[in-house]
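In what comes next, subunit A is part of two complexes: it sits with subunit B in the first one and with subunit C in the second one.
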Partner chain A sequence: MFNLPPPDILLQLSLNGALGGAMYGVAAVGLSLIFGTMRLIFLAQGAMIILAAYFVRALFYGLGIDPFLSLLIVVPVGLGVGWLMYHGLFRKAAAEEDRNVSLLIAVGLMFLVQNLMTVVWGGNTAGVVTSYTATGIELLGVRTSFTRTMGFLIALAGTGLVMLFLRKTIVGKAVRAASEDMDAATLMGISPHRVNAIAFAIGIALAGAAGVAVATTFPFNPFAGFIFSLKALVALALGGIGNVTGALAGGILLGLIEAYVQFFISGGWTNAIAYGVFLAVLMFKPEGLFSRPYKKA
Partner chain B sequence: MQPDETLLRLEAVQKRFGGLVVLNNVDIAVGPNELIGLIGPNGAGKSTLFNVITAIYAPTQGRVLFRGKDITGIAPHRISRLGIARTFQLVRTFLTMTAFENVMVGAVYGAGGRVKHATEAANAALELVGLTARRDMRTAHMTLSDRRMLEIARAVASDPALLLLDEPMAGLNPTEIQRMVDVIRRVRAERGLSMLWVEHKVDAIMKVCSRVIVLDHGEKIADGTPREVTQNRKVIEAYLGEPAA
Partner chain C sequence: MSNAFKWIAIVAVAALALLPFVPGAVDAYYFSFLFFVFLYAIMAQSWNLVAGYGGQISLGSHAFFGLGAYTTAILWTGNYLWGSLYDTHPGIYYFDPVTMALGGVVAALAAAIIGLPLLSKLRGDYFALGTLGFGEIVKVLFVNGGDFTGSAFGIVAPAGMFDTLRPHYWVALGLMVATALAIGALMRSRYGLAMIAVRDDEMAASANGIDVLKVKVAAFAGSAFIAGVAGSLYTFYIFHVGPDSVFDLDWMLLPLMMTVVGGTGTLLGPILGALVMYAVFDLARIVVPDYHPVISGLTIILAMLFLPKGLMRSFAGKARLA
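For the complex of A and B:
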């Protein structure tokens, strides 16, 4: 039996877990979009997040641009990079029925990006230290980190914008149609390459936003991205594959699980339990914890 | 029928999967505002024919011409912009979307990316199939018969010149079948488009269509009025087996 800690500590724990988990969530939203149209698990997502973090760091130390302000640069660049990445790397493989080639390209891209970052920035741990890095703020009566809170807000805003795009715009509806049934969507005049490229553009833009959150909150190194991809994958499974709000919620839930395990059991168990939950969800509730299964025709 | 009036023309189309010949030397011509029934026993090649017309499969030999233009092997997403729309044997409406959103996708992308008048086109298509009352209902909550109607509305919203119907009556009860017949007649009359209609319910085809094509083992064995087709010996053999010697 655990001794339940006082409520303020519990709240503190939950808050920190949720704020950190939102970062997994925003990475998972990107994975979810790309998986939606292309049926590809984009394993390089984490590496792209770390690349964005280094980019944010370079903008800060090189040009003196505030990391949060650099969202205005990182997100549009991410959109462009994602679009180019699809057309340059994945377009040909996407035409094949078999997704293994696309998956291998994603793995290759991940290693390439990791190693290029090592060449350019070295393999040591880097970070972004601003005047407000160590600042705390009062939230729900508990003190928490300002940068983590900002990261959470970025995740919330990013997911919200993606939701609006998918629900309210006609291009977003095309992405949803293609995610549900690519063949039917294609015969309705939707170009598969176009929706795939859009999914990649938004996915990498979200990686950019997550990169800002990571850069301001954690120290990072070129190889930290893979863990991020895995955690995003866990968040995706928790939230239900192909469910955007579920992906964010899955990330937050994963953050909570990690925080509780760290506190109540031990830090060493964190990952083992996180991946255990991942497998358990896939076995017993593969549609995700937050999605109601709907009747197929 | 004048040759220049032909909307869709299949010329000696052959489709093989490995050593299996699914379509062999099929010639079909569809004129404007024709409603043609396409029947044949299971495995006759009807679905493959639709997949060849919509460029999902490239024919092994032969050509597909639409409005006189060779469209063999073009990208499938261009098919609908040219004016060919289809429905599916197993309904493939977008389940997470409302009826209106489904039809909007057809009205915008199916018609080549227009934004102007897309809402009007979508509403008119829903009206045509009698789904106006279900406009904002999520498709996942709709009945099979409504989803089949919605597929027709989605196809019609893309302003096609040719509509391919793949067993629109499968799984429907007699009342719903009558409703479907009415909708098919109304679509043809009001939109002036041509239809190629695959159906297992042969009696419905014979009642509604003025022309019927019969496929068997990948070959066209009959093409004519319902009366001609029902009296054709090959057709009787295909459906009932060869007479005992």
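For the complex of A and C:
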């Protein structure tokens, strides 16, 4: 048996876990949107996050643009790239009945992006070091890093904006309708290609936002993205597939689980336990931990 | 399948089978190239069985491949199988059918154990996600396995018995043909018919008295058996079995891609896909060594954009596909 550590260490663990987990969360929100309309497991999401991180790094060292300020560039670029990506790569496959095709395009894209990054920036670990990288701040009486906190805020803001978009705009309503039932939505005059493209644009824009958070917090390399995709999938399942706020909450929960497992058991088992929880949730609560039970009519 | 197509396939296999008798061929590069084509073709058949015929998209093939590879390496280095015979016959574990079959059996058992709860609860994308999670768990288990699995480094099998790839070539070719024949025979039997029925309409299959769960688990375990044997075969080539090499996601993604490029749910598709895609990858590796993974990614995307139904369905025309 292990002794319970003092409360301040517990708080520290929880805070760091939650802040780190928010990054999985924001990646999961993007996955959730894309999965919602296209039923596609977009495995390249992690690679897109790392690509955004490299982009942020290039902006910082090349043009001297502050990483957090570069959100103003990265997010719109992400929207555009996502839109183009859908129309260039996935549009045809989306109409295909065999969904392996779009899954494989995502895999091909992941290989392509990973290796293009290696060709352009080299395979070594890179990072962004700013004047405030090592700055700590006091939060809830616990010291934590400034960049992690900013990453958390970016995740919250990103998810909040997506929620507002889905709830308050007519286009957002169309996206929600399409996620629930694409056939019925199409019959109501919603263009599948349009909602798919919107989901993709927002998904990649969120990858851009996550990229800013990753670039300022962690060292990264071209191949770090895949783990991110997997973690985002776990977060997605924890929160309930298709549930946007649930995805963020799932990411935070995953961050907490990882922090606790690392502290109480061992770093080597983190992934096994995270995926174990993932399997258990898929099997026993496939609608996610945060959704209200589905009532049958 | 049209008759002409069948003959082309038979002639192609015969030509490949005669290759080792061409003087100098054994030392040539394309000999190891073909070994890998056969290996990937076996893996592609494995995925095709559960996904193409069974209709259950599994993303865990690499776990079963790795389980087969580890089983072989552990049996071999620990000499758990042949006892004192190993001292008198140091080559006894090489391509030993029992060792290879056990690699498949361990993988199949793992598939049955994980498949029973997964397949009874999950379908479609959820099952795919579940198998992906399972693969990651197995990998972590082996990294944390201590001396038994060699931890993060893995196991090095006692090497140095052969200085030619000839046996590798024959065994791989034999296994590829045997896998194709076995799956072909299975799909002509009532069990194959049951699989197709479950894939096409679960409800109707169930209404006709088919035990849907049993069929799904059997297909999953059968696919895992094939992947396990392939992993065992790879051990005799690579000798160093480590978590990052045999549990690499490529062992799932590449066969999946080859099957789709060749033609999902066709018997020759996985073989054709493995040959074509591995040739493209290897050519890229030789011609543009610095960029070859970029080319691989591009090839996958282009193949999916322009050949989404796979080579078999696109070119074999409207002929009936076995």
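Here, the second predicted complex is superposed on the first by the 295 of 297 C-alpha atoms of A that agree within 3 Å, B and C clash if a C-alpha of one lies under 4 Å from a C-alpha of the other, contacts with A are read in each partner's own complex, and residues count from 1 in each chain.
Keep in mind that, in the parts below, a residue touches a chain if its C-beta (ideal position, glycine included) is under 8 Å from a C-beta of that chain, and two chains touch if they have at least 3 such contacts.
None of these values were measured; they are calculated from a predicted model.
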### Task
May I ask you to decide whether A:Val234 touches subunit B, subunit C, both, or neither, giving the answer as first, second, both or neither?
second
### Task
Give one of first, second, both or neither to describe whether A:Val75 is in contact with subunit B, with subunit C, with both, or with none.
neither
### Task
Specify the partner with more touching residues on subunit A, choosing between subunit B and subunit C.
C
#### Entry: Which of subunit B and subunit C A:Ile198 touches, first, second, both or neither
neither
#### Entry: First, second, both or neither for A:Val214, with subunit B first and subunit C second
neither
### Message
I'd like to know which partner A:Trp269 touches here: subunit B for first, subunit C for second, both or neither.
### Response
second
### Query
Of the partners subunit B and subunit C, which touch A:Gly108 in the superposed model: first, second, both, neither?
second
### Footprint of subunit A on subunit C - complex, ascending
51, 57, 117-118, 121-122, 125-126, 128-130, 132-134, 136-137, 139-141, 143-144, 249, 253, 256-257, 260, 264, 290-291, 293-294, 296-301, 304-305, 308-309
### Interface residues, subunit A side, partner subunit B - complex
170, 173-174, 176-177, 180-181, 183-192, 294-297
### Query
Where on subunit B does subunit A make contact in their complex?
54, 56, 75-81, 85-86, 88, 90-97, 101-102, 104-106, 108-113, 115, 118, 140, 144, 147, 154, 158
#### Entry: subunit C partner contacts - residues on subunit A that touch it in the complex
35, 39, 41, 89, 92-93, 96, 98, 100-102, 104-105, 107-116, 118-119, 226, 230, 233-234, 237, 241, 268-269, 271-272, 275-276, 278-279, 282-284, 286
